[in-house]
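This is the structure, below, for whatever I ask next.
The first chain written gets the first letter, and so on, giving A, B, C and D; residue counts start at 1 in each chain.
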């Protein structure tokens, strides 16, 4: 029973959503609408799961004094402070509360804009450096395919910025880098990605079918 | 020193909290960049901060923007003149089951919630991909204009149709890539490589843009060096 | 190769070079000229075609990490919409977006004299991804019962005019991943016949060209360049246009690195072949 | 703004009525001045019918009419049209819409499906309403199938039938042909090379979670690689970014060593959990490459931005590199920096090829034949359109 009920729920939820797609009957739509609202609530809980997991991993690290437990402490403390700012229920003090609110001007919002935003932004901007280094040390014309790839890449890299426009200024329009770039994007790039899109769609559909029919059960976890 | 003063007080009219904020943001930015020299405790400190702030933000906004309006208000505090949506108890129970994962004895109940979510997503994705990425793309390929736009455009459009077919053949696994199938697959890989080249160029562009964004912050908003 | 080996350059030298090359054009702008590409032009025209007074939706599905690319698009779109007297409803499938959208809306609302609740509404974040999109197809007020600040939507005059996508003249999705533009195309555009435009990161843009060709997207802004072109079209050059000089120079530098690296690579291979060493040598070196 | 306009035009028309411009008063026939106090002309030709779309919920009724003769003509312009709905022919009913001048059609979206309604439309000039035009009964027809989505249903059913058919064939043990993916040869060669050189093999199964199908496919290939490594007695290092993936990888590798007949050679220390954080993980893997100098680096699974760092460091250490991922934006970096790359679907095909699992084979074969059908449709559609028969292609329009 520990497997049959979830599989039955999966089947029913899935089949209903399929019917909802093809049948516009108002009773189906009305039920479908409420079901979709349920979906958002349950999915919200699955996000809570991830955050709970994070707390568990870091508290374990601190409890066992594993290497780097100090960093775990930093992580959990800042989290607690920010949660207090953002969710403290007793703090609806005035028209613009600084605590217990997520609105603009609150402490919570300040922490987000001045800590989360720069940290996230900077983390990914590191990649510009790494790409430059890899461009020099690893991107090679090692085969005809790789060569074709790099040539197309170089055209696009130059043609997509104002510099490319400047470099081929005065040439006939259809020989300029911006035109070539747009042509690459609109024709071969479009065609190849359309092929990939269709193939990927089939993969997703096959997976969906297996899940709804209960052939695919790996998401339920290992034990019987 | 006008500039030095501005560094610590901001442009005229800037509230102190904003100046503070910019300083915090600036120092955290540098802490992350220190990774470029090598992995170090300052970087790891900033990284832990990143994880903590991120999780707290997510939890709070989930509470305020999803759980309160969708679950708590309809169940416990319905707006005046509106009935209690008692049937929201069901997703509430499923949501609670989901959290039972943390209790090994009861974690099997979380599969009910998982089953619900996974089944729904599976169906929604199936129809979405079928309509948007399969049928709509077939339609668009079949109706590619081949009679207007001038010789070059017609040729390029025709080439694009051939490209779609060749790419599909490249990802065909039920036959060896020999003979005509092999030739078509070969053509397919060329199309793929040109497309990946475009992707490469665009990815480089994206990463560089992110760096430009951070540098604009450092040089303008923090250090006031840009006009 | 005797003497100086190009391959021995420390990564940190390259890192420093990149740093300088990005900073320099920001401090000393060159203002290289720039044309507008067709997907951006089409997006601009699609917004121009919306009759004044209509409601458009700004769906922000992004986070701070891609803000440099996407925030200029959000700002330009809001400016464009306000200037044309369109009303804006914003939604987010990404938890990170609402404060960022708020950051773009607040100053522009002040500039154009727009009132919250009447001319624009920020509905905030809703969990659920694709399922939320379908919920909006049935009823936007039921899917977002409150706005970002917790005000019930029944209390917002603008939201009384909105039931579902039938009331939305155009959706502008600004996205940096999943759920994002692909989900909007799959779940909303075809299913509810919505005019959908998209602004995405450069990384995400190339796979969306099939959607542009098929008309599933009425226009596409790809990365900072797309944002810069849009800024030019709405006649308000900002961070994106300002970044284009640096972008140009760094691209040139990276192309130079690729060429230089390959020259070194082929020189080394030739040298090895001359010594009679096979690829084996290369691996054991 | 929109609220202002009618108010503005109202006040203008009131002003005009009170103080007619000199020229106009002189020219205007008397009758027109008299008509100022009369109601505007009624609309004509009002029709109400089910919204012409087989795909709605049946909650829409479409109205159309011809504009009032006074719409936009002269000073006596219509300010708005008022639409009333009732369930009896002679009732006034409920006001459901007020529309701007120049509007000659309306879709009433608030009706209960299957119920008969009567409609009245009046032209209103700010003071008086025209006689009402009436129409009805009209019923919002309940639809049972979205006909525009028929192509989606047909193609999906065809595809599902093939998937189920091939899955059953595979389950019965029928030998379904799948061509060998060249990338697998490259993987085997790489492991062989590492053995010759007496150096370890590094296998990174991506940074995806365990429920990512790419991770699952990668673990299948890992099992294959582990068997070869066990036979050759070459150490196999598997760094992971998720603790659950680590336990799964442990199982897979241990089992493979046992199957290859070398259970004693299995070294649990080589299956490592490094870090959940993306760049910390990338840094730690690069460290392994520099210190332990694996001669073959295999990156198969779900990769994001860290792909670049792996490929670069691996290139530096001169290892043979084979990569594979379905994350398209990372493929270009792998193609240019690795010796062989499995592109997108090839990763799944390789895992189906190796595992021979019926559900994977069924999906793969079904997809294959669906691709053939797709190609046939495209060719047929393009040819027919060129021959002047565009209907076939248009049938696939689903919006």
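In this section, a residue touches a chain if its C-beta (ideal position, glycine included) is under 8 Å from a C-beta of that chain, and two chains touch if they have at least 3 such contacts.
Every value quoted in this text rests on a predicted model; they were computed, and no experiment measured them.
In this assembly, C is the chain whose CA centroid lies farthest from the centroid of chain D.
When the interfaces C-D and B-D are ranked by how many C-beta pairs touch across them, B-D comes first. In terms of their C-alpha centroids, the spacing between chain C and chain D amounts to 18 Å. Chain C has its Cα centroid 14 Å from the Cα centroid of chain A.
Once the centre of each chain is set as its mean CA position, chain A and chain B turn out to be 3 Å apart. Residue positions of chain C with contacts to 2 or more other chains are 15, 18, 22, 65-68, 96, 126-128, 131, 134, 148, 189-191, 203, 206-207, 210, 213, 223, 225, 247, 250-251, 254. Shared contact sites, meaning residues of chain D that touch two or more other chains, fall at 149, 152, 156, 279, 328-329, 332-333, 335-336, 344-345, 371, 374, 398-399. Along chain B, residues 35-36, 44, 47, 51, 57-58, 61-62, 64, 66, 70, 120, 124-127, 129-131, 133-134, 136-141, 144, 160-161, 164-165, 168, 171, 192-193, 195-200, 202-205, 207-208, 210-211, 213-214 each make contact with two or more other chains.
Contact residues of chain C toward chain B in the complex are 12, 15, 18, 22-23, 26-27, 65-69, 95-96, 98, 124-128, 130-131, 134, 144-146, 148, 150, 152, 154, 182-183, 185-187, 189-191, 201-203, 205-207, 210, 213-216, 222-225, 239, 242-243, 246-247, 250-251, 254.
By the touch criterion given at the top, residues 17, 20-22, 24-26, 28-29, 32-33, 35-36, 44-64, 66-67, 70-71, 87-88, 90-92, 94-96, 98-99, 101-102, 108, 111-120, 122-127, 129-130, 133-134, 137-138, 140-141, 152, 156-157, 159-168, 170-171, 188-205, 207-208, 210-211, 213-214, 217 of chain B touch chain A in their complex. Listed in rising order, the residues of chain D touching chain A in the complex are 55-59, 113, 142-146, 149, 152-153, 156, 159-160, 163-164, 167, 211, 213, 216, 276, 279, 305, 308-309, 311-312, 315-316, 326, 328, 332-333, 335-337, 339, 344-345, 348, 359, 362-363, 366-367, 370-371, 374.
Looking at the complex, you find that chain A touches chain C at residues 21, 29, 32-33, 36-37, 39-41, 43-44, 47, 102-104, 109, 112-113, 116-118, 120-121, 123-125, 128-129, 131-133, 135-141, 150, 154, 157-158, 160-166, 178, 182, 185-186, 189-190, 193-194, 196-197. Put simply, chain D touches chain B in their complex at residues 149, 151-152, 155-156, 177-179, 181, 277, 279-280, 283, 328-329, 331-333, 335-336, 343-346, 349, 353, 364-365, 368-369, 371-372, 374-375, 377-379, 381-382, 385-386, 390, 392-394, 396-399.
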